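Multiple structures follow.
Next come two complexes built around chain A: one with chain B, the other with chain C.
Right, the complex of A and B next:
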């Protein structure tokens, strides 16, 4: 113990982005090791599981292109989390906002079905963003004017939206004559165009990349981006600098909800073509991990999203070939996040030798 | 005559359900209260409850013993909150993000474990694994009291435990040395540190207690309620427990009242569903979550929130 007395743990003033990226990599490796352990404990062969997982994710051209399809909603929900978290605004509601986006865009399709494809798709797109954005706006207004913590509002709206969707799918929008609770499939003319023939990769992926670029610009170069970052580093100081904190929070939550709604619209019109209860299997929550793995940087969210899209895609093959349940992925995601948080906390400190105590 | 009798029976049934439904919420909320009083905002209650529900189910299914199931839940809750305490108290990671990751962990691990522990069961409900639900313990004499007997004194062990925990936690927090220290952590951790007390150790203990209570609450969702487990069985109750702590203004007695309010709403909607009233049941099911937002809107309730809640303590 005496030996330790000469050392002190101090907070570093600055951690270089390289160190942070490195710590992200280390935590990924550590998380995969724990995952291997989990697979082994559950009676599986981790080498087989990993090889079919990564083979299914990035093994060949088809696998990679399908991974990009799976990563599309994750990049978008990642952006939703990132822009809010940058301002220390905790939008946990991307899951519900995604479903709201799907519901809103489907409503727009049903309502304006007779329009030509291009204007129809534009309306559908706007409706999806607006529906997701409306939920974000609700959380923002409740926070700004009623002091309701946005965590509570966004979590509760996730549950509320799920029940409302169940209601819609059991009645008005349910496909006639089907035993399943889902809407009829969308007609071909309204599906998002496929960009690589023979695969499912569609315009949605390009839109997600554009959104990432736009968010990067928004955060870096616009007054709103400055206000969000200021809010994140010091909300008190923001108030003194004359930033309208309420307005910034409401706008941010609206944008965050809108991009999550966009994820729902794209998932519906680009990939799944009908709304069902499992249109999203937790994309809203995975988006939070994607955002944190990407260091809340919109451009870094693209590779982070593709990585998690790969895990989801590969886990399907893993389950078929090795009998290790695909549900492993939801555990892996959480383990990655915990390791990431821990490693980034550790690199923020350093142990310094202090010879002359005080 | 008959309608009077029927009405009384319905009132008794709704109120008895209220007490039963309150059990997991109350256990989790009291645990969260102690954790938050120690300055740690544990948003991982949902995931901890879910783990408690799953582990108690798994252990009870494998061993055939409900007691082992309860023990399993307590251990699981302790382990999970150890992660929470390590991240927030030792590493001083942002508590909001840590809590969220605990939720994802509970959700992911329970799902994966369930699927790999019971791989051969297909989706036919009759073939799913089951446990036996805990017996109802009728308190002698007291359960004979008309009206009150069936409402208050014909419940399962965990229900009695949850309601007895209200005065116990109150007494602990306000009338014991350790309670005082824990409250001090949430208000002024520096003073606790200056006194030579170990801030980290106390925060660990509070978080572990909170996790064990949340997991016990979760175990009631399986051991006390249903013979089967299904993924996400906690269905937001952990989040409701957090809302209840806020709505209860961080005071045990008010937390009890807030819990009963949520539980009553749930019991009421169950009864309404049973009558086949023409309200879609999905809207009824969504009511507690809507109520949670409305409750939070009801004014600035945060007046007595621990001042240092959610802020990691750093020595200068």
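Right, the complex of A and C next:
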């Protein structure tokens, strides 16, 4: 204790973006080292595990393209978290909003099935975004007008949506004659076009990249982005200077929910083609880590999303070829998050030795 | 300047010193709040710590009171080196302190607050003995206070007495007062000064922290001047003039009187009619106010803090609901308009708390300068904020208003308070407002920046702008205003022409005393 007395924790005046990016990289490496340790402790060979993990993720063209498919929903949910977090609005509901997007878009498909492909897909796309956005909007209205904490409402809507989906899948939308709780598979004409023949890489990935570009532009250049950032830094001064704080909160949560809903639509129409309870395996939550790894910068979220997509993709091969279970990836995600948070603290603060008082 | 009478060397009369620091240094982050400061306080003297905001007065006192631990140097109490590791240690040594912000429990009585924490009380405290002792203290110093009243029932001035009694009750040799007059009316301040004299005669030593020269001259025997964390000098007050002290405090000559041109007041521009506004607790904060502001006029709103200034300001800005009555700008009602609509009518504002109400701390200087106009041309071009315009506008502001910043991309929270205020002024004045609302525009600023802010306001007045100036600094109000309004408990107690206004008269009204009461 006496030893510690001579050290003080101080906030740094200025942190360059380069240092922030480096710290993210360092924490990734550190997290992987801890992962290696975990693998070793559980009796596996970490070299073998890592080589099959990275081989499965980025080892050849097919692996990389499949990684991009897996990263698509993560980039989108990462964007959902990022835009809200920039306004210090804590949307933890991307998981539910993603499912809502899938439900909404599937409903639109069932309703307008007779339309030609292109208008049908546009309607399906809008319906997916609108359904996710509506959930965000709900949390936004409750926050802005009734001061209900958005963390609570968004977390709870995750459950509401999940149970509603379970209900629908046990009854009305359940595939006739199947023992599984899932919808019938989508017909080919409504699936998102594959952009590299022979792989699963589809238009959805391009849409995710476009969304990242759009979000970057929105935050950086437009009055709305300016207001979201102003709100995140100082809501009171924002109010004094005429920013409609309530409206900005609601809009932000709507956009955040809409892009998560878009992830659900794309996952359904681009990758899985039917709604199941495990349409998303926690993409909404992983998106939060992706957003933080990307420093809440929409463009940096692209590589962050691809990295996590790679982890998910590679873990399948790792499980097949080594004894290491794919479930390890959940642990890896959490370890990365911890290291990220710790590295940010270290980068933003420093420990200084102080001279003895006497 | 020359110092003829320097204080005698310390070694010769260390017996009569109460407390002494040798080379005391205290750092926060990269800021050196106290740099190698050596001061000594004698028995039975009133010793002022004088300096601008941020000079390190309070930090020095907090080190003496054990609230902060110095990073270097030594503290001697009655000649013996001591380590004051906590306020408890300080109190045991015989050091008491009254902070700027009171530490009282609102729902307990005066006597309970005084006794609290000083002795084990058991389940049912017996307060009779303590009461007699406190009553004796009150009688000695002529303090009139009901010991059985709850704190929330007392005025701020009375609460300060409770803090002082709390310190005296445990038996101390040194009392530290941190800007005690900030919350008092002129009359209450005068009363405090008289009591301090009396305490001094009873052998108590007093450290009186202030940045007001008038108080130093009025109350102190000696004064220690601090500037930017460094000791300038310790001098006998009697050898000094106000100008000498100001010069030492600021580091250059200071002009006290604001040069105010005679300007003919114009037509009415802002009319407030029977305005009612509530505070955050749904109680009436502004209870029926009528006031007219003219072009080319500064109306000063005087009053002790918490008498409805903030609520009135916020209602006029548009972020607080008007319950009743109306506000007209050039004949158009702006009563229930949004802040954005009110700004568009030509009302600019400089709020009381720069960082909380005026600026987006994480934003660059350039981004902050367009706050409020970011949705309208020329700041907006098409769907975007026009970065070319933002850049040129920022560069223009930085040069016009002499904002000291490494670049327009600098984060605004890293600027000094004075430069932050200049960012706000530049932003507001560049919008060509016809009315400016300003609440405490110079609070916490250096003398140089204060002069600058006052100059800008007077320039605006000359150009035909009507200015409503809220301030708790009566000197500022007296110097700048054409008319003075006294606000007390949400009501206007009187309106004066500043030429004819007398400080004592305004002071009484600030305390809610009308002629009928006298």
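What we mean here is this: the second predicted complex is superposed on the first by the 341 of 358 C-alpha atoms of A that agree within 3 Å, B and C clash if a C-alpha of one lies under 4 Å from a C-alpha of the other, contacts with A are read in each partner's own complex, and residues count from 1 in each chain.
Convention: a residue touches a chain if its C-beta (ideal position, glycine included) is under 8 Å from a C-beta of that chain, and two chains touch if they have at least 3 such contacts.
Predicted model only: the values in this text are computed from it and were never measured.
*Asks:* When the two structures are superposed on chain A, do chain B and chain C clash or fit side by side?
*Replies:* Superposition check on chain A shows chain B and chain C fit without a clash.
*Asks:* What angle, rounded to a multiple of 10°, is defined by the Cα centres of chain B, chain A and chain C, with the middle one as vertex?
*Replies:* 70
*Asks:* Check the residue A:167 against both partner chains and state whether it touches chain B (first), chain C (second), both, or neither.
*Replies:* It touches chain B, and chain C stays clear.
*Asks:* Given the touch rule stated above, what does A:142 touch, chain B (first), chain C (second), both, or neither?
*Replies:* first
*Asks:* Contact-wise, after the overlay, does A:337 reach chain B, chain C, both or neither (first, second, both, neither)?
*Replies:* The answer is first: A:337 touches chain B but not chain C.
*Asks:* Return first, second, both or neither, reflecting whether A:234 touches chain B, chain C, both chains, or no partner chain.
*Replies:* So A:234 only meets chain C here.
*Asks:* After the superposition on A, what does A:244 contact: first (chain B), second (chain C), both or neither?
*Replies:* second
*Asks:* Touching A:223, do we find chain B (first), chain C (second), both, or neither?
*Replies:* second
*Asks:* According to the stated criteria, A:107 is in contact with first (chain B), second (chain C), both, or neither; which is it?
*Replies:* neither
*Asks:* More residues of chain A are touched by which chain, chain B or chain C?
*Replies:* Touched residues of chain A are more numerous for B.
*Asks:* Can you work out, in whole Å, how close the C-alpha atoms of chain B and chain C get once everything is superposed?
*Replies:* Chain B and chain C, overlaid via chain A, are at closest 5 Å apart by C-alpha.
*Asks:* Would you mind listing the overlap between the chain B footprint and the chain C footprint on chain A?
*Replies:* 11
*Asks:* Which of the residues in chain A end up touching chain C in this complex?
*Replies:* Those in contact with chain C are residues 10-11, 13-14, 221-223, 226-227, 229-230, 232-234, 236-244, 354-355, 357-358.
*Asks:* Could you list, by residue number, the parts of chain A that touch chain B in their complex?
*Replies:* Against chain B, chain A makes touches at 11, 38, 42-44, 90, 92, 142, 146-149, 151-153, 155-157, 159-160, 163-164, 166-167, 170-171, 282, 285, 288-289, 292, 323-325, 327-335, 337-338, 341-342, 344-346.
*Asks:* Quick check: in the complex, which residue numbers of chain C touch chain A?
*Replies:* Touch residues, chain C against chain A: 27, 29-30, 69-72, 74, 83, 317, 319, 338-340, 342-343, 349, 351, 355-363, 367, 371-372, 374-375, 380, 383-385, 387, 411, 414.
*Asks:* What part of chain B is in contact with chain A in the complex they form?
*Replies:* Residues 43, 83, 87, 91-94, 96-98, 100-101, 104-105, 107-109, 111-117, 119, 235-236, 239, 242-243, 246, 280, 282-283, 285-286, 289-290, 292-293, 296-297, 300, 302, 314.
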